[in-house]
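Quick one: structure below, then a few questions.
Residue numbering begins at 1 within each chain, and the chains themselves are lettered A, B, C, D and E in the order written.
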Amino acid sequence: MTPRIEIDAVTKYFGDRLVLDGVSLSVAAHEVVCLIGASGSGKSTLLRCINRLVEFDHGAIRLDGVPIDDKRFGATGLQRRIGIVFQSYNLFPHMRVIDNVTLAPRKVHGVPRAEAEDRARQLLGLFGMGDHATSYPEQLSGGQQQRVAIVRSLVSKPDVLLLDEVTAALDPELIGEVLQIIRGLKDEGMTMVIVTHEMGFARDCADRVCFLEGGRILEQGPPRTLLSRPENPRTRRFLQRIIDAGRL
Amino acid sequence: PAKAQERTPQDPRLMTPGKLTVGTGDPVYPPWMLDNDPAAGKGFENGLIYALAEEMGFAREDVVWVANTFEQTIAPGPKNFDFSIQQISVTEARAQVVTFSQVYFQPDKAVVALPGSAVEGAKSFDDLRAARWGAVIGTTDLTYLENILGIEEAAVYDDQIGVFQAMQAKQIDATVVALPTALYVTAVQVPDAQIVALLPPDENDRGHGLLFQFENPLVEWVDEALSAVIARGVVDELKATYLVADPDLPIITE
Amino acid sequence: MSLPAGPGGSPADGAAVRRPAPPRRRNEWRAALVPTVISLASVVIVFGVLGWWISSAEQWPRVKLQFFNPEAMAAAFPRVLQGFWISMRIWLTALVCIALWALVLALVRSLRAPWFTPFRLMVVVYIDIFRGIPVLLLVLLFGFGIPALNMPGLPNSGLFWGTVAMVLSYSAYVAEIYRSGIDAVHEGQRAAAKSLGLSEWQTMIHAILPQAIRNVLPALMNIVVALQKDVALLSVIGVRDAVREAQIYTATTFNYSSLVVAAGLFLLATIPMARLADHVSRKDRERRLQRAG
Amino acid sequence: MSLPAGPGGSPADGAAVRRPAPPRRRNEWRAALVPTVISLASVVIVFGVLGWWISSAEQWPRVKLQFFNPEAMAAAFPRVLQGFWISMRIWLTALVCIALWALVLALVRSLRAPWFTPFRLMVVVYIDIFRGIPVLLLVLLFGFGIPALNMPGLPNSGLFWGTVAMVLSYSAYVAEIYRSGIDAVHEGQRAAAKSLGLSEWQTMIHAILPQAIRNVLPALMNIVVALQKDVALLSVIGVRDAVREAQIYTATTFNYSSLVVAAGLFLLATIPMARLADHVSRKDRERRLQRAG
Amino acid sequence: MTPRIEIDAVTKYFGDRLVLDGVSLSVAAHEVVCLIGASGSGKSTLLRCINRLVEFDHGAIRLDGVPIDDKRFGATGLQRRIGIVFQSYNLFPHMRVIDNVTLAPRKVHGVPRAEAEDRARQLLGLFGMGDHATSYPEQLSGGQQQRVAIVRSLVSKPDVLLLDEVTAALDPELIGEVLQIIRGLKDEGMTMVIVTHEMGFARDCADRVCFLEGGRILEQGPPRTLLSRPENPRTRRFLQRIIDAGRL
């Protein structure tokens, strides 16, 4: 079976700086992969390569065997099938929650407004945000905003969800709330690539954890193995520092 | 047939055949035209135009006036008048972009100032040079100040009101204007001001002419009619009515 | 005494014992009263002295007569008002055209695809030139030059071409303002829109521009107000707007009061708009501070 | 195949086996080449056709004669240049005064203490009025009105008072721009400065303003460029700046080429400045992106 | 002995919203007090009341027995004796690190530039930032920026340091780094009031932990007691949610 996502020796430079150095990774359908690593190791860049927010220089990324820059995806097919949620939510502050969520269906996929809003309200309700459809993002707490961002990326029914440190800006209580939601998505069989610093969550939730450093995947494996008995000394050092900080 | 109608009121070369379309300023000033109303026929310039129209065979009501800014009058391209009358002086440079009729009037220049100013009692150009001067843009007054009196740093205003405001604000001492304008201003608009002296004409200033679009073929016809009107003494008559000066004013010549 | 006080010791706010909170202190107003009175008084005194000083000048009656003459104002009013309607019509037309054309310029300058590089450059040159040339010259060049060419198919009206010149010139300014607004929108907003599948164009329209315009509302208001008065530049090509009508009156009567009338009309039109823009900004800011739940 | 690949399986990037990374892809330039050529060509064609069309108009020589006449330009140049120095001197003086006075206005409008409430209100009124009144009227009122009062101790130079009028008017615009820049500085910066013991005044000077001004650089550049040309408004009170000198030439010869000369001089002064401002903004932005260590 | 800081029944309204509801707390010299509590419970507001960033409506706060709005402190005496570090660093982005640090000594306390810079460089060196004196804040990582912020508040030798979620915007590795620095300050005897979500850190480092809710201190005590066996059911619920989120 072809993997859902196949990353094949992807290299990326920013200017003269090598940020991704021949990364290869394949993610099966319904699999949840967590990317961990120090700041600047290229986690976000890798994630952004997958949905073409960033264009890479060498290598290939395939979705269900089709290169992501293939004409078959058309202008918006890839974005419809791969959703992304950012650390800083990036909701549109000048739009109400419901408009944030229905923007892509209405403008990109041509769904009529009524239909788009129905589906949006249904999803918002599912995530406990039914009452806030007409609020502006700035009137919501961090956790609420992050839930809206997740709904926004789910409303087009993507096959794959990319999550980039979605809990980093939240306080511990809100973190719990958002992680719970991601667990729910996993249970429903969503394929996910998650950049996270929450090792506890990675341990509970991931099928596989990859440790990045200097733009390369230094080590990967099932969370129990990698987080408890890392083989690579650098992985070990990284995890030690996380433990020192009181996480894990 | 068109050729046959030339030099008649039905001349096809007119803006509107059957009408004589005359451009003028916006607003118009006495004594050139009184009451800001060219059609009333009171004033030196509109008086002249009605005499000219009659000479050319137009009825009085066939004279159509169009108001234009100075810029519109001198702009390139098609004009909205057959010719314009607006105390426009004929010069060589201007004749490259517009066409003039013959000169119909050559005004004297007058020095105007408020009482007690630096030019009061001036006897020579040297006395005058010691004062601060101002003039209106687009007139030959400024050229006169520079070329005849040798004033370097004259202030330049948009209109006469600016000149007199500056005088009242003590920013300039005096101005040079065409005598007819001077007469009117001192009589009506700024009664405080007075004509201090008369000045000799500038040989290079050929005097006022009618302004046509460049190479307008009507010029010949109008020139002929204008000669006839001048020959009839109409201009002298109008001068006597509207443009008389006090004969006792001192004249400074050098 | 470096030992910490236990939960039972020292004035801890036990959950069981619940006193009502003292009411909100309401004397903020009273605290502000004294300075308000003092500063208002100082304002009154300063202006009073200034006014007394000016009006006691020997020449004041004459200046007053020439600038603030009620009779002259009344006499000039009908013509100035008539010109004011023309000003307003040109102003509104030009505003709409400027808003759109400047947007095009700003967008071209903000687009990132390599296809646009030379167009971006052209826009930079356009802005430098049209911003640098005096509007007066542009108005003359367009208002007289183009009709003079007598080109078939082009309109011949000086008013039309003069307005075009105003639009071209002002758009250069407004494009720069738009651009600074667009640059100030956070990069994440672009990424979010792109990740939703919006085209670069849709991203601009739906995500970036609405935020950009809010960012630069005060600068845009400046332009709106300035344009209203700069319509007067069209008077060189014969448009009789409010300022021109006032100047005609001034030139005939040697009285500037007509210009004061024109200024009054302009103020009537711009002040409510300025207040509206302030109100929009303030509401925007307030929404940003107020958080539900 | 839902079982994850183990660390040993699949193409994992082992730490031991280290291949050199392929070099950076350098064909970004080549990818941009085709569109660049095409769009440059289209630009050339568009302008070529336009130029050909205009210059083939029957009346073009006449328009050219009156607007782009090299002889007239050469003849007008010395006087226009002389006027240009005057423009520049007034411009620079006014710029400095505007920058300072607008700052005072913006600061008063931004201060929070209750003491300032009535002064804040006064500034709002000031801005509404001075922005709303045509500069022309202000210049006349100040340039002629005040000297005509003949007050002892006050200068009676029209140039002085005209410049004062320009400064008062432009400051209203610039104050609004400053204010929008100040409002955009994050609240945390104020808190940080205050917590360091800086007074409200020091907070403004050292913490808020430097950031505020960077925020609004493009809008400020607009004003700088616009002011340079608006110095021409002082010509109503008799100042012979570049535009006025050009107009004098135009009025005597009926030739507009002198205005084109003036425009050229203005461009020479403003374009380098605009490029400088762009450069500053860009460096600012780049610093924000580039991170050390 | 008078406590270093004595907060006495402080009440604070924002508009009509009661944010601090009669909070009383005293902090002895060299004591480290951690404030914990849900988002919006008033922790930051309490901290900001202490150094007069926020004016409260009722009650009193005393520093060494002197009310903080007493004339004896003059215009800047209080700020000199109480330093604060913010969650979002709030460094001045237009100033180099060294200028950020020496701004207050030079402009407020009248220290000559050379002297101020000497002391600043010494402190920066102590915190491992000696090489970055001439960098701009935006060129530094989050942890580096936070260290500069701490140096900036220490340079005037305050008696009390207030820290408001100083690690919230950092990734776990950087968190460890900053917490290490705070431990160092504690060892040197600095009096500190710390708002934190890092329960592990609170447990290790605090002499006392206070749990705030709805603007009141619901419970306080030594960390071991309060974090392990909270008496108040609300404290228990709060801690449970933190544990769910994978912290503690």
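Annotations
One rule holds in what follows: a contact is a pair of C-beta atoms (placed from the backbone, for glycine too) under 8 Å apart; a residue touches a chain by one contact, two chains touch by 3 or more.
The structure displayed is predicted, hence computed values, not measured ones.
Using mean Cα coordinates as chain centres, the one most removed from chain E is B. Interface comparison, D-E versus B-C: the pair with the greater number of contacting C-beta pairs is D-E. Inter-chain centre distance (chain B to chain D, centres taken as mean C-alpha positions): 43 Å. The geometric centre of chain B is 83 Å away from that of chain E, both derived from CA atoms.
Multi-chain contact residues of chain C, defined as those touching 2 or more other chains: 62, 66, 140, 145, 148-150. Multi-chain contact residues of chain E, defined as those touching 2 or more other chains: 141. Of all residues in chain B, those touching 2 or more other chains are 75-77, 165, 168, listed in ascending order. Chain contact summary for the complex, chain D toward chain B: residues 59, 62-63, 65-67, 140, 143-145, 147-148, 150, 156-158, 235-240, 244, 247-248, 250-255. On chain E, the positions that touch chain D within their shared complex are 48, 51, 53, 75-76, 78-80, 83-84, 86, 88, 90-94, 103-104, 107-109, 132, 135-136, 138-141, 144, 152-153, 156.
The touching residues of chain D, when paired with chain C in their complex, are 28, 31-32, 35-36, 39-40, 43, 53-54, 57-60, 62-63, 66-67, 113-119, 122, 127-129, 131-137, 140-141, 145, 148-151, 173, 176-177, 179-180, 183-184, 215-219, 221-222, 225-226, 229, 232, 243, 256, 259-260, 262-263, 266-267, 270-271, 274, 281, 285.
Contact residues of chain B toward chain C in the complex are 26-27, 29, 36, 68-69, 71-72, 75-78, 159-161, 164-165, 168, 189-190.
Note for the complex: chain C touches chain A at residues 186, 188-189, 191-199, 202, 206-207, 210-211, 214, 287-288, 290-293.
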